[in-house]
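What follows are several structures.
One chain, chain A, links the two complexes that follow: it is found with chain B in the first and with chain C in the second.
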Partner chain A sequence: MKSNLNIKQRFFKDRSIFVIVCVFSLLSSIPLIAILGEVFVKGISQFSLSFFTLPTPTAYKVLKAVEQGLPIPGGIANGIIGSMIMLLIASAVAIPLGILCGAYIADNSKQRFAKFVSYLTDLLQGTPSVIIGIITYIWIVIPMKTYSALAGSIALCIMMLPLIIRSTEETLRILPSSLKEAGLALGANKAKLMLKVQLPSAFGGIFTGILLAISRVIGETAPLMFTALGCSFIRLSLDKPISAVPLLIWEFFNDPYQQELIWGASLFLLTFVLTLNLLSKYLTRKWKK
Partner chain B sequence: MGDKIFKIILFITALIIPLICGGIVYALVTDAYQAFDYFGFFNFLTSTDWNYTEGQEQYGAMPFIIGTLMTTFLALLFCIPFSLPVALFCGEYFKGRKIASILSTVVDLLAGIPSIIYGLWGFFSLRPLIISLNISPQGSSILTASLVLAIMIVPYAASLSSEFIKMIPDDIKESAYSLGATRWEIIHKLFFPIAGSGIFSSYILAIGRALGETMTVTMLIGNTNAIPTSITSTGNSMASIIANQFGEADGLRLSSLIAIALILFLITAIINMIGKIMIKHSRI
Partner chain C sequence: MEKINTILEFNKTCVSYTQQTMAVKYVTAQIEKNSITSIMGPSGCGKSTLLRAVNLMHKLYPNIRVEGEILLNGENILSMNPIEVRRNIGMVFQRPTPFPTMSIKENILSGFTLNSIRLDKYQKEEIVEQTLKSVSLWEEVKDVLNKKGTFLSGGQQQRLCIARALALKPQILLMDEPTSALDPIATKHIEDLLIELQKDVTILIVTHNMGQAKRISKHSMFMYLGEMVEYDLTENMFTNPKDERTKAYLTGQMG
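Showing the complex of A and B:
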């Protein structure tokens, strides 16, 4: 190695780079602490039973409360229920479809068509969420002539699919081939092998993949803005506009009078998402051992 | 269950992905056609007007393409000084130690935070700071959006880069050490040439993320429809103009917004494809 620096300078350079790397790495964790801190401190004071059981207040109620200097009444129950309904429908479709599709890609990984599907899955995963919103608007909202919970569910479903396909495919791919061979040696056909041996042994990886997919789509706002639209009371029907927690945050953000409610809703969403994230990390580590 | 039936079922479910992707392209193209037809494709791309007064409607994508490129490029610039140290910290200096796994968990959690919460944080914490530093009078600017975008893409760039750094075989490092190289010399002269294309591809994928980011940018960029003149001026990105105006648009304006969505879709698809191909070729 040609170097004009003497040994002291080289060591000094090495040390300083090490310090810089450490400092900047630790600086990178500040945003997480800052965001968690701000949302927690401002949000926890809004948590109460009624925050989770009451729907968002009407504009009239808000104005009255502001006039009298009272805290803004109401909560985010309509958002929580809407989010849960859409998540449930999206999961019910995306999980089985995603697992089967991932199984197909892993099973036929050398075939052209499977490679093509795998490539398109990447493409779909990289598609900006706002475009998924537009697409669902064109496909579902325009023909139905109304914004609806169904359209929101489909948008979330399209976002979940590639994530579940990827995790299924990757988990199936790293299964030891001896497992497959043992199954075949015992006389199982491909269907039995997949359903009774491969998929059950890949359960851990697929499950954590599903958790991550849920945590990813539950916080999505853009695809719901043009599909579920939002609604200020608790609604259970699928063919009408419905609310969701991130949509409520967006509404509160745009309405200066309701900004008090924004932090409670954000804290709820953040807790939910980060718990799922940590849980999936914990399970991955546990199942790997 | 019969083997044949099972195979057919798998094949049919696999068809759903090409159907969705084909449907996306078809729907975007047919609905954007009106705008391209009315203004002409290149005219639409290069026009800088965005006027929805009835009778003198004029739409062009240029301000938003430039807004997107500016926010993405700045975000990348701000992200490198943090994601590269994190990748080295987790992939080399403290590889396999507890502190590395804590840092990588922290950075991964950053990736899990919904973009609307980043937007809120940027609006209520970062924006006042920008105002008080006299960088921009109303605090919303290309710069504000890029700063928060940078934080959002750090995890994507860092985790993939550290994977590539970890893959460098130990015997290469050991032979360099035995020749008397310092750690930095090894990183500088061995890691970057060997893992460089992998690290580069992780930044390409991070760019793909930043291009389509919607809510954060919408909340922080200031939402004006002219070409931004500097990084402290307000603007609009392709995703944020859609988020802002899609709900109230119809006719030609709706078609123009969908045309912008089509352009955004194509750009992200190309960037992601380049990234994926590079990753495939840079496996060590």
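Showing the complex of A and C:
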């Protein structure tokens, strides 16, 4: 009879721990749901064609609209275009560099230099973004004597690098060693093996890493404050200050008349990041099959 | 042992993973050309280690040391360039390892791609058809050559891997328990295939399966604790083992 009671007790314990775990996970997801809800409700009303095609309004236009009680005109096109330009340049440098570096570390994990680089990558990944911004300011903005899209791209590139290096390295490392041996047994050299067998096989993981790196830096504000600065109209040149969506949010916040635009810009950023995250999840699952 | 036409020769070959212990101890044996030779022994006896040394696979792991000589047509492969050695000595592994991103056709041609050997379209088609025919896979896959190799069944994948190794026309094919991950029917297919292939290529096969050694190989080697205990014609070894340990293994008292 005693053992029977014991089983009941164990069952009860199991159930209560299950309930506690559920309650806590619900609690921890409340902030996320609240943020998404708030941004969605406040931001969705601003989504219109002009929001995506027009640059931010000038102070004069804003004042006039406020006087007449009209909705504030303009959009965040300058920010979207600026973000995309900087992202494109940063990716163009960070992706090939990161993949090569990750491949080197994964393939020579016993070498002292590879360990050193791997350690530096960790360090870089943990560096606060504002410090990366300041460093880029000193390296690029001061010598060029101007804030520029180029400086912003470099700051973002530095932020993307460790993420891409890590994901490349980790994906390559979990490839079965039989794949490597099979390639070598056919007489391949290391470079060929990496290019033709290992990197293609790791493509899914590397691509996911790239998507996550992009979604990470698209929302970065601090490094862009010292480098890209911001700009109130659509600009395509690389050697002049340029706008970015997170920078716009900061600017709107400081302007009492443009507070509403914050929500539209935030919703845009959130949607972008969420889409990339979901896409990477979907692709990971698809490639695993 | 009778006089044979040697292609590969082990001369006091030793392999060690650490300073203190040797995984393979002073193996000396001659492998006959265009025949099947099997290496048997209980787990951990060093048979795979010995086989992998022939393909210089140990060079991947800096702590493994190989001493003595392994002679291919009289030339010591331990002092040759691994790439050159591996093109002459193919290898098939325990588990089928088709390259997952490549189609069946690309898998067959991967030996050429990986060695930067350019082929024209006609040569490619001919090599793919011939090698797939030689492993009797052609009829099964000729319509799906552009599908991924990983879509095939385990047995088919293993035959694809054999074909991939054969496409480079190696002199020797090393096989590390090639059928241990396969079902009996697929195993039978591969065994028939090996018997067929031995007229073109010398096969050195590590096997767990005594029956398999008996069915396909002309010579057999029995290894125990890194030592080569016995090396003889398969027929002699199975009917009249000279060493007590071989006898114990063959009668199932060890292993």
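The rule we apply is simple: the second predicted complex is superposed on the first by the 271 of 289 C-alpha atoms of A that agree within 3 Å, B and C clash if a C-alpha of one lies under 4 Å from a C-alpha of the other, contacts with A are read in each partner's own complex, and residues count from 1 in each chain.
Simple rule for what comes next: a residue touches a chain if its C-beta (ideal position, glycine included) is under 8 Å from a C-beta of that chain, and two chains touch if they have at least 3 such contacts.
The model shown is predicted, which means the values in this text are computed figures rather than measured ones.
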| item | value |
| --- | --- |
| Touching partner for A:189 - first (chain B), second (chain C), both, neither | both |
| Which superposed partner A:277 touches (first chain B, second chain C, both, neither) | first |
| Which superposed partner A:233 touches (first chain B, second chain C, both, neither) | neither |
| Contacts of A:52 with chain B and chain C, given as first, second, both or neither | neither |
| Touch count on chain A, higher of chain B and chain C | B |
| Intersection of chain A interface sets (partners chain B, chain C) | 189, 192 |
| Touching residues on chain B, where the partner in the complex is chain A | 1-3, 5-7, 9-11, 13-14, 16-18, 20-21, 23-24, 27-28, 31, 81-83, 85-86, 88-90, 93, 103, 105-110, 112-121, 123-125, 151, 154, 158, 179-185, 187, 189, 208, 211-215, 219, 239, 242-243, 246-247, 257-258, 261, 264-265, 268-269, 272-273, 276 |
| Residues of chain C defined as touching chain A within the complex | 55, 57, 60, 62, 82-84, 86-87, 90-91, 93, 95, 97, 99-102, 110-111, 113-116, 161, 164-165, 168 |
| Residue ranges of chain A touching chain C (in the complex, touch as defined) | 110, 176, 178-189, 192-193, 196-197, 200-201, 203 |
| Residues of chain A touching chain B in the complex | 1, 3, 10-11, 13-14, 17-18, 20-29, 31-32, 34-35, 38-39, 97, 100-101, 103-105, 107, 113-114, 116-117, 119-124, 126-131, 133-135, 137-139, 158, 161-162, 165, 189-192, 194-195, 215-216, 218-222, 225-226, 246, 249-250, 253, 262, 266, 269-270, 273-274, 276-278, 281 |
